[in-house]
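Working notes, structure below.
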Amino acid sequence: MTSTTLANPSAARVAQRGNVWGRRFLIAAAWLIFTLFLLLPLYVVVNEALKQGLGTFFTSILEPDALSALKLTLIAVGISVPLNVVFGVAAAWCVSKYDFKGKSLLVTLIDLPFSVSPVIAGLIYVLMFGAQGWFGPWLQDHDIQIVFAVPGIVLATIFVTVPFVARELIPLMQEQGTQEEEAARLLGANGWQMFWHVTLPNIKWGLIYGVVLCTARAMGEFGAVSVVSGHIRGMTNTLPLHVEILYNEYNHVAAFSVASLLLALAIFILLLKQWSESRINRLKASAAEE
Amino acid sequence: MSRRISPVIPGFGLTLGYTLFYLSLLVLIPLAAMFIKTTQLSWDEFIAIISAPRVLAALKLSFVTALIAALINGVIGTLLAWVLVRYKFPGRKIIEAMIDLPFALPTAVAGIALTALYTPTGLIGQFADSLGFKVAYTPLGISLALTFVTLPFVVRTLQPVLADIPREVEEAATCLGAKPLQVIRYVLLPALLPAWLTGFSLAFARGIGEYGSVIFIAGNMPMKTEILPLLIMVKLDQYDYAGATAIGVLMLVVSFILLLFINLLQRRISTTS
Amino acid sequence: MSIQISKVNKHFGAFQALNNIDLNIQSGELVALLGPSGCGKTTLLRIIAGLETPDTGRIAFHGEDVSNREVRERNVGFVFQHYALFRHMTVFNNVAFGLRMKPKNERPSEKIIAEKVHDLLNLVQLDWLADRYPEQLSGGQRQRIALARALAVEPKVLLLDEPFGALDAKVRKELRRWLARLHEEVHLTSVFVTHDQEEAMEVADRIVVMNKGVIEQIGAPAEVYENPASDFVYHFLGDSNRLYLDPENHILFRPHEVALTRQAEADYQAAEVRDIRPLGAITRITLKVNSQDEPIEAEVIKDHASLNGLTRGQILYFKPKAVTTAHQ
């Protein structure tokens, strides 16, 4: 075989045909993995939820304990997401617009909660505010309950979602640079006008993307919240904890009904994410063009 | 350039101050509190807690199942990333969007869904059962649950790198006489390896700490299917704060060493290639 | 509005970007800051604008010290190299931005803003693009919109950073002639930064040649070209030949300042023809002199007598017509 040079058109065609089969095989494998690992679990959730009909499904998600769990989840999301948005914008601002010593250390610290187990995230607040904790006696004297109550759940949720917004904004703002801000200042804008009219519209989609990811995690956090919640039904249960309780009581249909509610929210979040991502890619493309 | 601050972009002091304040209050001080709490134990007491057979068994289980999950993801994640970047095919957009499902789906939901899927009466579990092996309530089940929750890491870190490798590079290699396997070995792998390691280590670290998706499928038998994060919960339920804290410190140290090791490996690879 | 720059120094870490800069710019003048990249010209422009603070020294507008004045109160128009148009705003809103940012009591009504924006867009001949977004414009169009935006706030000084740097050769030529004409019309004190000596010569009233953070020479284009103050200026302003008289001394002359003949004559030096390149109206000949490795280039009109039947390897005799400097 001396005719393996690619100048030989038939050899090239053979290689091409080999590619087609390899390609078909890989695509089929991707579909198989996708079905086995991602689609089937979804199917199971919906299937189990509807096992006893739509009536049972609605009873399960509308019973008072489920609704109060929903309410607590919304409170945790409603407090942690805005706080992390403000933090994320501030952190991204100082990291992307200035150079200073220790910047990479700061970025590492911002990412730190990602590499800490959620159980530890809960544990540290118990150690701070629990009865045996640093502030425990003081809190007890003043009759303030943090751990095994709503504030603890909110704190744990904030901890696990700290990096999301900052992480999305930092690369975007670094790519965009500071020239538009400088131009705005030269044209007479004050600091607030510059931020509001120039910076914010430019990072809008990155911000939405970060909020979406942050919301998803805040809504679904389980381990950290589980440690600090105390599992009091109707009081300190979030939706994921409610799912756990129902499941452990062998009330599978109810557990999967509430789970499918969370699943629907997750799918909605994925759609939002996809949409904001496409807008960011457009922004990045226009930034790269300049 | 040590400290370059533009005089016209305001807010450096304010934003840096707020960032440090927020991080200290919510992350750094509480984490420090855990380390300070452990200093209340003597060294011997600390060693006694973390070398208890139950702790060591849990550590080994968490480590091995997370490693297996990360390795599985290293293979199927690479495959998915490759297919999504390189090929256009029906359903590509759906797969692309759904890859992030494990990040969006609450872990508890993933946990009960996977358990239902893999119990001996479940959709997949019954096949396994007829072949004579169990998935749910075994380390295999734990690995599968971890594979699910960490699936996006390898895919998402590889995708942008793959997209950035121009096809011309492969074509150039082919024109220089390289066979397909040689193109993969000498052209693609070196370019992908750093990102692959990043994805792998993220999945590994997340797997060691993961709780929600695992506890349903694990069975939680001490010495057999009890993961390390669960052991912290057990200690807390017994009001054994010292024990929980010691295990927490152990976990943090293990994942820190792990990340450090992979970081060094990555540096080594990027300097040799 | 005249600009006085005195004793300005600027460091970035250990790097000295500007070293004791003194410069006076007259009212209504169009001045080019010319130099290679890293010479400090952009830093100087940004210091004039107030985008950087000098370590020491002062900037005065019309004798009034503005060193401590905030950028938004300096009233300068600035055109960035990559334009820095607000990508999420239409062309109209970009140009209107400066007017809308004025404090309430000074802010014109939307009707007056609209009139003013359209006047400016007409001035830059792009009124028909008012509703487009920056990403839909060509480089040359973006450049002119950036200029219109800078002019909207009626600045007393116009500063341009490499205004033609990102454009292709043809658009660049058109635009720089247009800028020179525009300057004739509005007569605004203007400073622009460039690394292209042809651009500086064609557009500017005066050229400030900079190198390594210091000013090498200030003068009208003809002056810096004919009487360069240093070897650096000589080299930077055009092609040059170096002919060594002995190891210590050399003379500099430009390729078009060479006399050629086929026969040996007094004062002429023999050289071997290495290359002959017809470049349209002129022809360039590369010559090799025995005494040095560095070749000599000569440019003569294409029907020059000495070119008749000339081939490589032949001997030609040359003489520098105008020796400009003899430094060492």
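Brief remarks follow.
Chains: A, B and C, in written order; residue numbering restarts at 1 for each.
Just so it is clear, a contact is a pair of C-beta atoms (placed from the backbone, for glycine too) under 8 Å apart; a residue touches a chain by one contact, two chains touch by 3 or more.
Since this is a predicted model, take the numbers as computed values, not measurements.
Among the other chains, C has the CA centre that is most remote from the centre of chain B. The interface with the largest number of contacting C-beta pairs joins chains A-B.
The mean-CA centres of chain A and chain B are about 15 angstrom from one another, to the nearest whole unit. Chain A and chain C have CA centres that are 51 Å apart.
As a whole-number value, the distance joining the C-alpha centres of chain B and chain C reads 55 Å. Contacts with at least two other chains are made by residues 50-51, 71 of chain C. Shared interface positions of chain B, i.e. residues touching 2 or more other chains, are given as 1-2, 4, 6, 8. For chain A, residues touching at least two other chains, in rising order: 182, 185-186. Of all residues in chain B, only 1-6, 8-12, 14-16, 18-20, 22-23, 26-31, 33-34, 37, 76, 79-80, 82-84, 87, 89, 91, 95, 97-110, 112-114, 116-117, 122-124, 147-148, 151, 174-175, 177, 180, 205, 208-212, 216, 229-230, 232-233, 236, 239, 241, 244-245, 248, 251-252, 255-256, 259 touch chain A in the complex they form.
The touching residues of chain A, when paired with chain B in their complex, are 5-6, 15, 18, 22-23, 26-27, 29-31, 33-34, 36-45, 48, 86-87, 90-91, 93-94, 97-101, 106, 109-110, 112-113, 115-120, 123-128, 130, 132-134, 155, 158-159, 162, 178, 181-182, 185-186, 191, 194-195, 213, 216-217, 219-223, 226-227, 239-241, 243-244, 247, 252, 255-256, 259, 262-263, 266-267, 269-271, 273-274. If you check the complex, the residues on chain A that touch chain C are 179-180, 182-190, 193, 197-198, 201-202, 204, 283, 286-287, 289-290.
The part of chain B that touches chain C in the complex is made up of residues 1-2, 4, 6-8. Every residue of chain C that touches chain B in the complex is listed here, in rising order: 12-13, 50-53, 70-71.
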